[in-house]
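Okay, got some structures for you below.
Shared between the two complexes below is chain A, which has chain B as its partner in the first and chain C in the second.
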Partner chain A sequence: MAEQHMTTEQYTAAIEKARALFEDLSYSYAKEWKEQDPSRRVIGYLPIYIPREIIHAMGMLPVGIFGAGDRMSIVKGDAFFQSYICHIPRTVIEMALNGNMDHFDGFLFPSICDVIRNLSGIFRLKFPDKFIRYFDLPQNFDRKVGGEFYRKEIERLIEGLKALNGHELTTEELNASIEIYNYNRRLVNELSDLRSDFPHKISAVDFYLVLRAGGTMTVEEHNQYLEEILRLAREVDADPEDKIRVVVSGAFCEQPPLGLIKTIENAGCYVVEDDMQLGMKWIKTDIPSDTDDPVSALIEAYLDHSEFSSAVYEADNPKGEQLKQQVIDRRADGVLFCAPSFCDPALLDRPILEQAMDAYHIRHFGFQYHENLGQFHVIKEQAGTFADMIKLWE
Partner chain B sequence: MNYSLGIDVGSSYIKMALIDYRDGDSVIVDIVNEKIRKRNPTQVIEQLEQEIFDRHNLKYEDLIYVASTGEGELVRRKRGHFYSMTTHARGAYHFHPEARTVVDLGALFSRAITLEQGARVRSYAMTGQCASGSGQFLENITRYLGVTLDEVGTLSMQSTDPSRTSGICAVLAETDVINMVAQGIPTPDIIKGIHLSIAGRILKLLSKLRVESPVILTGGMAMDKGLVAAIQEEQSKKNMALEIYPSEHPMTAGAIGAALWGGFRHFKLAEKAA
Partner chain C sequence: MLLRPEEGEMTVQKENSMLKQKQMLADHFMELSQVRETGKKVVYTFVPGNLTELIYSFDMLPVYPEINALQSGMRKKSRDYIREAEDMGYSEDICSYVKCDIGMMVQGNIGPTGQQLPPPDLLLLSYTGCFVFMKWFENLKHLYPDAEIAMLHIPYQEAGRIEPDHVEYIKEQLRTEVIPKFEKVSGVKFNETKLGEKLDLSAKAEDLLIEIFDSAQNRPSPIDAYFGGVYYIGPIFTAFRGSPECVDYYEELAGEVRFRVENKMGPITPDGVLQEENFRLVVEGPPNWTHFRGFWKLFYEMGAVFVGSTYTRVGGVYDDGFRHSSDDSLKSLAEYCLGCYTNRNLPQRIDLIERFITRYHADGFLVNSIKSCNSFSAGQLVMMRELEERLQIPVGFIETDLVDPRYYSYSNIKNRLDSFFQMLEQRQIMKRRMEAVV
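Right after this comes the complex of A and B.
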């Protein structure tokens, strides 16, 4: 009993560590890391996917910029974006203009949508002394077309980073980084499986925070942290509740507030799979880490083993099929389509995915949010009745 | 011994119902409701739970299901949670199988729920964030008027010339009441005016749905006979031709519904596992 109490306390303390990083909009961890060695560089990246292995291998710290959520008032950000644009670019520019990211040496904007592309342009104008790169991930998955395009994009990135610290990247270094991130992916997958098998042991909010810490800490520390969380979560003695199991889909870029994730669980749903912070789970397998050409290994991983997402165009659009497979793999009872307001990729895909779910007789319902949403009552009503419907009448 | 406990955590009251499944029947063996006042709701819940366990010589492990409804996250030990609409529908249906519509008149929100066969929710509508149709608003007003909630119904029935308040906004309505008091308008007429305003909001809610009769009222405000009379009076004026009356045990309908759905769910899961 006393041992169990201690485990619960240790688990709670470990989660609080991730929560503190989440709350810190000054990115103090990156600042302290950089101050330890004047040659160190910090590179911020936006959702969804960036091959962090390259930044790591260059001796730099990749830091995820996922917006300020509900923890910052927008004063300047609204001047840059129209009212029909999603919320995340407003808090990102607000943080940058407020000096929260002054210690960052560069920013990478992956090709999610036009809004993020425009945000990269705004950064270029406002911060001419920083390294700013729109990182154009291929939408064509043919090796000779998308593969070659991606190789040039990666080479351009390596050159750009080299200009920051003069480091000449070696094959050995990139292979070593790939191996460290392979281990990180394995641990994240293990945690995802643990959550799906025992969702009462690690809540959706806790899972979210643990992953989010990976966008702040060094990957080495995150690996240790994941090991600790896995050990503690397995040992926590919690009783399962009678809830439905849901897959949350559509929250891959602008992140839902923690209150919303908690609301979904409190309304009677265990989140057993989701696409929040999708970049952390983007590559689904290990990437070979012993080749003579690790850049090709990264390219092939992207082309062949990427997670599906609305930010990626797929000609024959098998996303409905892939979502169905997630539902089956995670033994989910239904899907919650949870997308940010004005998120074109997520909202344009939603009807296709809904139709697919209908065709497979998978229950679903959808709603929208923005990262600083503070009222969850309506969503609680909807998620609650959805859960009741499945529990009582299915 | 097959006991199921329902816990309805409201913003003002904690309500509980203990149900025993005997010989294929469900029997309500205990009902509790307690005002939270300024206490920690979780502690109130645990204290009430313990009192019920002591009265029936039970412990938590003996229960087949503990179900929360309302602000269920405040219940530390439970097996499942059901949403308020589902539980109020079930609670009202238990006493009134003829129910086609249920209106939960709560402390913060009111909800209209139409039913299909077997207390299944067909559709629903609820009041927005405005408080002027809520029990909390009525409670605030009684404080201004210096009367108790128990007196409200009787006073309202004594009104001869009701003075209506704003049906839109609680802040404006409270200002109206202060002005009425200053003008010397009799308390029964003020209260009846408030009841008619709330009734107007409830009927608007009903008009959003394809409502069928009879309409059963649940929630704490359904015990206010002045409000029930005002709703009946207003719907009659609007020729809505609805039969509207309060449920038996309206205050604990949600807790009863939660306990009943909990029991249902327990047997359903047991059947699946078999």
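Right after this comes the complex of A and C.
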């Protein structure tokens, strides 16, 4: 009993660590990390996917920038974006203009949508002394075509980073980084499995915070942290509740506020899979870490083993099929389509995905949010009704 | 972008070029309505990064869903189509072109001339400067499962220049993905000589097009580079580039423009030739189509004429010397795609606007911010401030939508424009006073 109490306390303390990082809009962890060695550099990246292995191997800290959510009031950001543009670029520019990211040396904007793309231009104009790069990912999956294009993008990225600290990247270093990130992905997958098997042991909010911490800490520390969370979560003694199991889809960029994630669960839905921190599990397999050409290994992993996403051309692999597979793998009862308002990628995919779910008789319902949403009662009611209906049907 | 509005919506004093244009478009839609009999294959594609010459080199016919959507807006059909799409689950928040197009298809795919449009044999997804294109055609692929789809990924000019390896990437995609799909669908072998001939004809039309746009340097400007630009200067360009008829059309139009310059005539508006040019403006952003005439009137009744617009460059920027060429056909297509307006980074876009403002002696800069279009809209507020700082000119800002009439508020636009025109007027008074003192 006492042991269990201790475990619960340790677990709570561990989660609080992630929560503190989440709350810290000044990115002090990165600042402190950087201050320990003058050669260190901090590189911010926006959603969804960046080959963080490269940044790491260059001796730099990749830091995920996912907006400020409901934790910052917008003063300047609204003067940069019209009301019908999603919310995340406002809090990103607000933080940048307020100096929260002054210690960042560079920013990467992956090709995900026109807003992130144009935000890269705004950063170029506003922060001419920083390393700013829109990172184009291939939409052609032929190794000789899209693969070669991607190789050049990666080479340009390495060149750009080298200009920041003069570091000459070696094969060994990149292989070592790939291995560390492989381990990170394995742990993330393990935690995802654990949550799916015992969703009462790790709440949706806790799971989210743990993954989100991976975009703040060094990967080495995050690996240790994941090991600890895995151990503690397994030991936590919690009783399963009568809730349905859902996959949350569409929240890969602008993040739902914690209150919303909690609301979904409180309304009777265990989240057994979601895409909120999609970049953490983007590559679905281990990447070979013992080759003479680790850049090729990264390229092939991207081309052949990426997670499906609204930002990637579906080619011959329909996303509806892939979402269905997730539902099956996670033994989910239904899908919650949960997308930011004004998010073209997510909202344009939604009808296709909904039709696919209908075709497979998978129940679903959808809503929109923005990162600073403060009222959840409508969503709570809808999610509750959805859960009740599924329970009735079973 | 662009196309000739229906009668009734607009009655503009007709010149020969306009009559010619009307005929060319009518013939094109007639040809499209007859593909069942003729066996011609149909390609749906986008205006930015369009490969019109390549399409015609395979004797296929292009359809531009963006143009259909704007036509639906002008014909007051878009409200219904958008509602239809929203009923199907498309969010109110997303690009209204997509919803209008999908709604139109679901309701029978009746095109601008009242004839039914044929379904696509090939969806050519030229992913150039707008992320929505990819999503749009993924959706169409689900609606037309029998159509082939070819993706042509155009990398963004993130560093403000064309990277040689990006040209190679596009050429490779053309060789390995796009051309084989064209061959498969059309049953015709790729003929580079034929493509080259069309590209050289395009270059001729491009010279003329730039001559026409450049005529806005004159006072009064003989053209309206925004409303006129989308009404009669640009349309032919997209749908017919690479054909001798296209060159003929632009020769005719250039002749008319030269005549107007010689006779110091202003541009033609729906109410006749603009008699007095009070304000010269450059505009960023697409126009509104659902209230096209009323929207235009807000400007010409104040004597405001657009001497430059960015929207007329979405289908290609020819202002900095780029011309299609047969020298290396695929390279030429690649460079064309890379150079389209929204494929340029924000600083490049600002530089281009700055050039328009100075080259065409504009008095002010206006943003028409479109609710639907992140590709254009995200960053426009920064562009405005940047240009205001650099050039010390009055800037104005209005909001509308492309084809969703729910987002057109006459009184809001009018109020904002009134203050903008007042600002411009005061500037002019000050300028005249200063000149008098000197």
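One rule holds for everything that comes next: the second predicted complex is superposed on the first by the 391 of 394 C-alpha atoms of A that agree within 3 Å, B and C clash if a C-alpha of one lies under 4 Å from a C-alpha of the other, contacts with A are read in each partner's own complex, and residues count from 1 in each chain.
Definition applied: contacts are C-beta pairs under 8 Å (C-beta built on N, C-alpha and C of every residue); 3 or more make two chains touch, one makes a residue touch a chain.
Computed from a predicted model, the values in this text were never measured in an experiment.
Considered on the superposed chain A, chain B and chain C are sterically compatible, since they fit side by side. Legend: residue contacts after superposition of the two complexes on their common chain; A:118 is shown touching chain C, with no touch to chain B.
In the superposed model, A:393 lies in contact with chain B only, and not with chain C. In the superposition on chain A, A:381 makes contact with chain B only, not with chain C.
Measuring from the middle, so to speak, at the Cα centre of chain A, the directions to chain B and chain C differ by 100 degrees in steps of 10.
The partner that reaches more residues of chain A, of the two candidates chain B and chain C, is C.
By the touch criterion stated above, A:28 is placed in contact with neither chain B nor chain C. Of the two partner chains, chain C is the only one touched by A:350; chain B is not. Of all C-alpha pairs linking chain B and chain C after the chain A fit, the shortest spans 19 Å.
Counting contacts as defined above, no chain A residue meets chain B in one complex and chain C in the other. Taken together, the chain B residues at the contact with chain A in this complex read 65, 72-73, 77-86, 120-121, 124, 126, 129, 261, 264-265, 269. Chain A makes touch with chain B in their complex at residues 239, 241-243, 266-268, 375, 377, 381, 384-385, 387-389, 391-393. Chain contact summary for the complex, chain C toward chain A: residues 88-91, 93-95, 98, 125, 127, 130-132, 134-136, 138-139, 142, 151, 153, 155-156, 158, 163, 165-166, 168-169, 172-173, 176-177, 342, 345-347, 349-350, 369, 371, 374-375, 377-382, 386, 399. Of all the residues in chain A, the ones that touch chain C in their complex are 79-82, 84-85, 89, 111-115, 117-122, 124-126, 133-134, 136, 138-140, 142, 144-146, 148-149, 152, 310, 313-315, 341-345, 347-352, 354-355, 368.
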